[in-house]
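These are the structures in question, set out in turn.
Heads up, the next two complexes both have subunit A, just with different partners, subunit B and then subunit C.
Entry: the complex of A and B
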C-alpha cells in the first residue's frame, strides 16, 4: 500500500525558467551555486518555447531503485521519500530509467544526485525559493489512473 | 583534492596564434574594479593598443561576468561585453542577461579576453576550466536562432550559446551579439567585432559548482530580498506587462520619439495593453525575480519599450503585430534595435530633405511604411544597396555633410537608445549627453525624474536636497552623478538594473545590499563608501579610455542640435527645448561633482593611479 505523502508540484504556467529553485537546492545540498547540481531541474528551450520542471515524484515503485546496481537508492517505508547515498558509482542507470528526467548527475563527483524533499529541513528549499509561487508542496489526492487504451468501439 | 577556485579567472584567448592562457586577477585589482563592467574596462585599458582600428585584429574583445553573477543573489544573470566600438570609435560596452554569464562561471572561467583574429570562422567552447577554439564553418551564415538550435543539436541541449547573426558576420557597425531569442549585448556594435575576429559564438557548459562563502546566509538573504522586491509596485507591473508600461507615460507627456523626433506623440496602438494581446507568457533570465520578458505569439520574444518606439513610432509603424514582427526580425538577424530604428528614421528624413533620392536610395523612403522598414532591415544585415550604406551607421555624417548630424539623434557617434525625447526632462538630457558610451539611458538615466516626487522623498533618495522640478536645470548634475555611480556599481556586480535603487524604484537594492551580498558570496568586505569609489573609478577609467581613443572632452558632451533648437510640438511637453546656457551650467556642475576640470578632463593624480593599477603584474 502506497504511503500518503506530501509532494512537490509545479504550476507550469507560473514557471519563468529562472532556475532559482535548482540553484537554491545546489547551495543547500552542495554548498555551491550551480543549477546543474540541484536535485530539481528546469529544462527550458527558448526556441521551442517550453519550460519543463524535472521534479522527483517519489514513485510508489521507483524505477531508479530497481535500476541501481549497488543498491544505494532506498524508499523510506514511513515517509515514502526515495533517497540515494554516496555508495553511488556513477553508472547513470537511474538517470536512464527515470521517466521524469529527475535523476541528476554531478559530473565532478561522478555521482547521481536525487531529491530528498529536504527531509532534514522544515520544507523543500526549492518551494521556499521559487519567486513566482510556481512550486508548491502539498498533499493532493491521487488522480485515478485513466487507461491509456480504451476499449474498441463499433462506430 | 581540487584546489580552491580563485575569485576571478581570466582566459586570454589569442585567435591569431590559437593559444589560451589563464591569469588570475589579483585581489588589489578586484578591490578597485570589483568585476563585470569595471574589470572589463580595466582589461580593455591594459590590452588595447591606443588608437587601434575597431574592426582590426588589434581590437580587444572582453566578456566579463560580475562578481555576483551566477550566485543566488537576485537577478544575477548578467555579464558585460566590452571592446572598442566600431560604431562610435570610443568604448563599446554592453550588458547582457540570459544564462551564458552564469554558465561561464560554472565552467570555471569568469572572463574571456579575446585578442587577434582567426583565419577561419571559429567558436569558443568552455567546459571544466578549459577553453577550446573550434571550427565554426558549419555555423557561419546562420541566423541567431538557427545557430543556437544547431549548437543544441550538435553539442547537447544543455549548452548555453551566445552568437552573432548575419549582421555581425557582415560587419554591420551596429550588429549585436545574442543569447537565446531576445537577450542581446546590443549596443556599440559588439557583434561586428565578433565578426571581424571570425568568432561566431561562445558556447559554455558548466558542470562545476561556484563556491559561495556563506551558502545558508545567501539563501536566507535571497529570500529576504525577494520578498522585499516583490512588494515593489513597479516590479510587479514589470512582471506583468514588461517595459511597454512606460509607453503611455511618455506618450501622454508628449515625449515619444516619433518620426525621427520631428513629432513627439504617437498612436495608442503600441501601449502595454495592446502589446499584451500578443503575449503568450512572461519569462525571466537567470535568477530573475522580475520576469519582464515577453514570449510573443508571433514566434519571438519582446517587444521592449525601446523596440516598440524605435521600430514603431520612430519609423511610423503603428500596427502592433507589424511592429512585433520587425522586432522579431531584427532580433534574429542580430542587429541593435536602438541603432537600427534611429538610422532608418534618419534615412527617411534625409530622403525628405533631399540628401537621398529615389535613384540613390533605390526606393522611395517614407514614414509609416512597414514593408520598406522590413526590406531595409534585411538589406542592412546583408549589406545590400542602401542597406550597405546605412550599415556604416553614424559615420555617414561625413558622407552626407556635417549638418545632417543635427537631426541624427546620436551623441558621440552612438544613437540614443532611450525612446524618451529628452527635451522636457533636463536630467535625462544631461544623462545621455555625458554617458560614457554615447547617447544611452542605461548609464545614467535618472528615471524617477519623470514622477513628481515630494522633496522629502528625493532628499532621502539622492542623499541631499534636489530641485523636484524636472524641467529646471538646477541640481540635475547631482541626480545624474548619483545615478551613473550606482549604475556603474550594479554593472560590476552583474545584477540587473531593474532591481537597482534609483533606476525605476527608490526602494530597490542599494549599496548596503550590494556589500552584504558580496560578503556572502565571496567573503570580501566592501563598505558603502568603497563601492561608491569603485563606481567613480570605473567612470573615470571609461573617460580616460574615451580621451585616449577619440579625444573625448567637453565638446563631445552635447546633444543633437534638434534638442537645442526645435521646441517639442505637442501635449504637456509642448514648447520644451534644451537651453544652451542652462545646459552648460549643468555640465559645469556635473564636472565639478565628478572631480574633472572645466574641459571634462581627469585630474593628473587619477590618471597616474589608473596607470599604476594597469601596470600591476598578474599571476
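Entry: the complex of A and C
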C-alpha cells in the first residue's frame, strides 16, 4: 500500500535555472556551496530552452533499494522517504538503475547521495531557497506523478 | 501457510520482505548452509580491501529476523527436496514441511581440475564471508597472491587483495580479461586501470600446477609456459554456474538454471526459484537466461515473494547488468553489449571514446531499440540508458545523440512518460541533426569531470 506523502514538485515555467536550490542543498548536506554536490540536479533542454529538475521521487518500489548491495538505502514505512546512509561503498548500482537520474555521485567521497527531503529540518531547503517559487513542497491528492512531467507552456 | 526459503542472500531477503508485507500470519523459515547473519556477498572484496569494517557487513539490521518473524536454520544444509511429500530433508535427517518453497541457492564456483588445487592450505575460492576471513588470516603469512580467472569475481578479489597490501598477479586463460562482462576495448581499459593500480595481469595463459607443501601450504604456481610464480595465496575464480543441485534428479526442469515462469514458479506450482539460480526472461535478448547479479536477485526475490503470498504479479523480465568501480574508474555493462561475440546480426553500434579521460561508452541498437550498453569512466546517463533497455522503447531520433551530450536523455524519458500517461505516443522523425553545439558547462557532471582534471572551473 503506497504511502501518501508530501513531495517536492516543480513548476518548470517558473524555473530560471539559477541553481540556488542546488547550492542550498549542497550547503545544508555537504557544508559547501557547490551546485554539483546538490541532491537536486538541474539540466537544460536546449531544444526548447527550459530548465528541468532531476529530483528523487521517493518511489513506492524504489529500484535503488532493490539494487543497493550494501543495504544502506531504506524506505521509511511511515513517511515514505527513501534515504541512504554513509555505509555506501560507491559501487554505483543505484546510479545504474535510477530511471530519473536522481542518484547523484559525490566523487570526492566516492559515495552516492540522494534527496532525503531534509527530514531532519523543518522542510526542504531547496523549496525554501527557490527565489521564483518554482519548487513547491506539498501533498497532492490526485495525479501524484504527473506534475513532475509538466512541460512549459509555449511562449 | 508454511513458507520455506532455501538460501539466505539478496533474493531471500527480497522474498521475506514482500511476503511479510502481504501475509503477516504465515510461518516463515529460512535454511542456509552459512552461519552468518544475512550479509552482502559482493561486499567481501571491500571487506578485504579494508573499505568496510566487520560491523558494516550485515545487509539488514541485527533484528531483521525477529522483526519479520522468520525462523532461521543457519548452518544447515538441505540435501533433498521431496516435492511429493512437500518437505525438504536436511543433512542430519530431519525434515521441514512447506506449503510454498523458494529456492534461492545462488551460484557455485566451478573449480577446474588443476593439480594441487585441493590439497594445500591457502588455495581457495572467493565467494563467502568465511572465504574472505580465511584470506585475511592467510595474508599475515605472506603477501604474494595469485588470482586464477579474471571474471568479475576475480577482478574484485584482485582489487581487494591489492588494497589490502598484497602483491597480486591475475592469470586468465582467455586473451582478455572480463570477457563475460566487457568487450575488447572495455577490457583493455579496465586492464590498464588495474595495472596502474598495481595488479599484475597475465592473459592467454593457463595454470599447469599449484605447488606447495604440507607445512607452509601453497608456495607457488606453474604456468603452462613453464614460468613459476611464488605466492602464499591462490584464489580460484574461474567462473560460476547456477547451483541447481537441489533440483537435479527431481521433476523440476533445469536448463542453464532452474526454469521459471513469469511468476517464478518452477515445474511445480508451489516450488518457486529466484535469484542467481533461476533462469528468467531476458529482455534485450527476448529469451530465457540466467542474469546473476545483486539487483536482479533482490528484485526477483521481491516478485517471487509476492507470488508466494498470493499476489500474483507478472515479472517483466531482467536485464543483465553489472556495475563495479576499480580505482575510481566506474564500469557499467548492461544487456547485450557485444553482438559480434554472440553472433547477433543487424545491430548498430555507437561508440564514444576519450582515451585521455579514460572514457569509453558504447551503445548497441537493434530494430530501433536499445539492446545493450557499456559505460566506462562517464556513467552519468546510466540510469536512463538502463530504463531504455528495460522498456525496449523505440529510440528513433535520440539514437545519434545519446552519447554526444547534445540531447538530454532524461528529458526524452520525461516526455515519453508524459505521453504514456496521456495515452499518446511521441513520433520522432527518423533522422535528425542538430547544428547547435551543446554547451557543456551546463552539465553538472561535466563540471565534475573538469574539476577532477584539474582544469580551471568557472
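Everything below uses one rule, namely that the second predicted complex is superposed on the first by the 137 of 155 C-alpha atoms of A that agree within 3 Å, B and C clash if a C-alpha of one lies under 4 Å from a C-alpha of the other, contacts with A are read in each partner's own complex, and residues count from 1 in each chain.
Just so it is clear, a residue touches a chain if its C-beta (ideal position, glycine included) is under 8 Å from a C-beta of that chain, and two chains touch if they have at least 3 such contacts.
Predicted, not measured: the structure shown is a model, and the values here were computed from it.
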Which superposed partner A:16 touches (first subunit B, second subunit C, both, neither): first
Contacts of A:36 with subunit B and subunit C, given as first, second, both or neither: both
Touching partner for A:60 - first (subunit B), second (subunit C), both, neither: neither
Touching partner for A:131 - first (subunit B), second (subunit C), both, neither: first
First, second, both or neither for A:107, with subunit B first and subunit C second: both
Touching partner for A:85 - first (subunit B), second (subunit C), both, neither: neither
Partner touching more residues of subunit A, whether subunit B or subunit C: C
On subunit A, the residue positions that both subunit B and subunit C contact, one per complex: 36, 43, 45-47, 107
Touch list for subunit A against partner subunit C, complex: 22, 35-36, 41-47, 52, 54, 61, 63, 66-67, 69-71, 87, 89-93, 95-101, 103, 105, 107, 110, 145-146, 148-151
Residue numbers on subunit A that touch subunit B, as the complex places them: 13, 16-20, 23-24, 26-28, 30-34, 36-37, 43, 45-47, 49, 51, 107-108, 125, 128-129, 131-132
Contact set on subunit C toward subunit A in their complex: 10, 14, 40, 42-43, 46, 51-52, 56, 58-60, 294-295, 298-299, 302, 321, 323-325, 328, 330, 332, 334, 379-384, 386-387, 406-408, 410-411, 413-415, 417-418, 421, 434, 436, 438-439, 442-444, 447-448, 451-452
Subunit B to subunit A touching residues, read off their complex: 70-72, 99, 106, 145, 148-149, 152, 157-158, 180-181, 206-212, 215-216, 218-219, 222-223, 226, 230, 280-289, 291, 295, 301
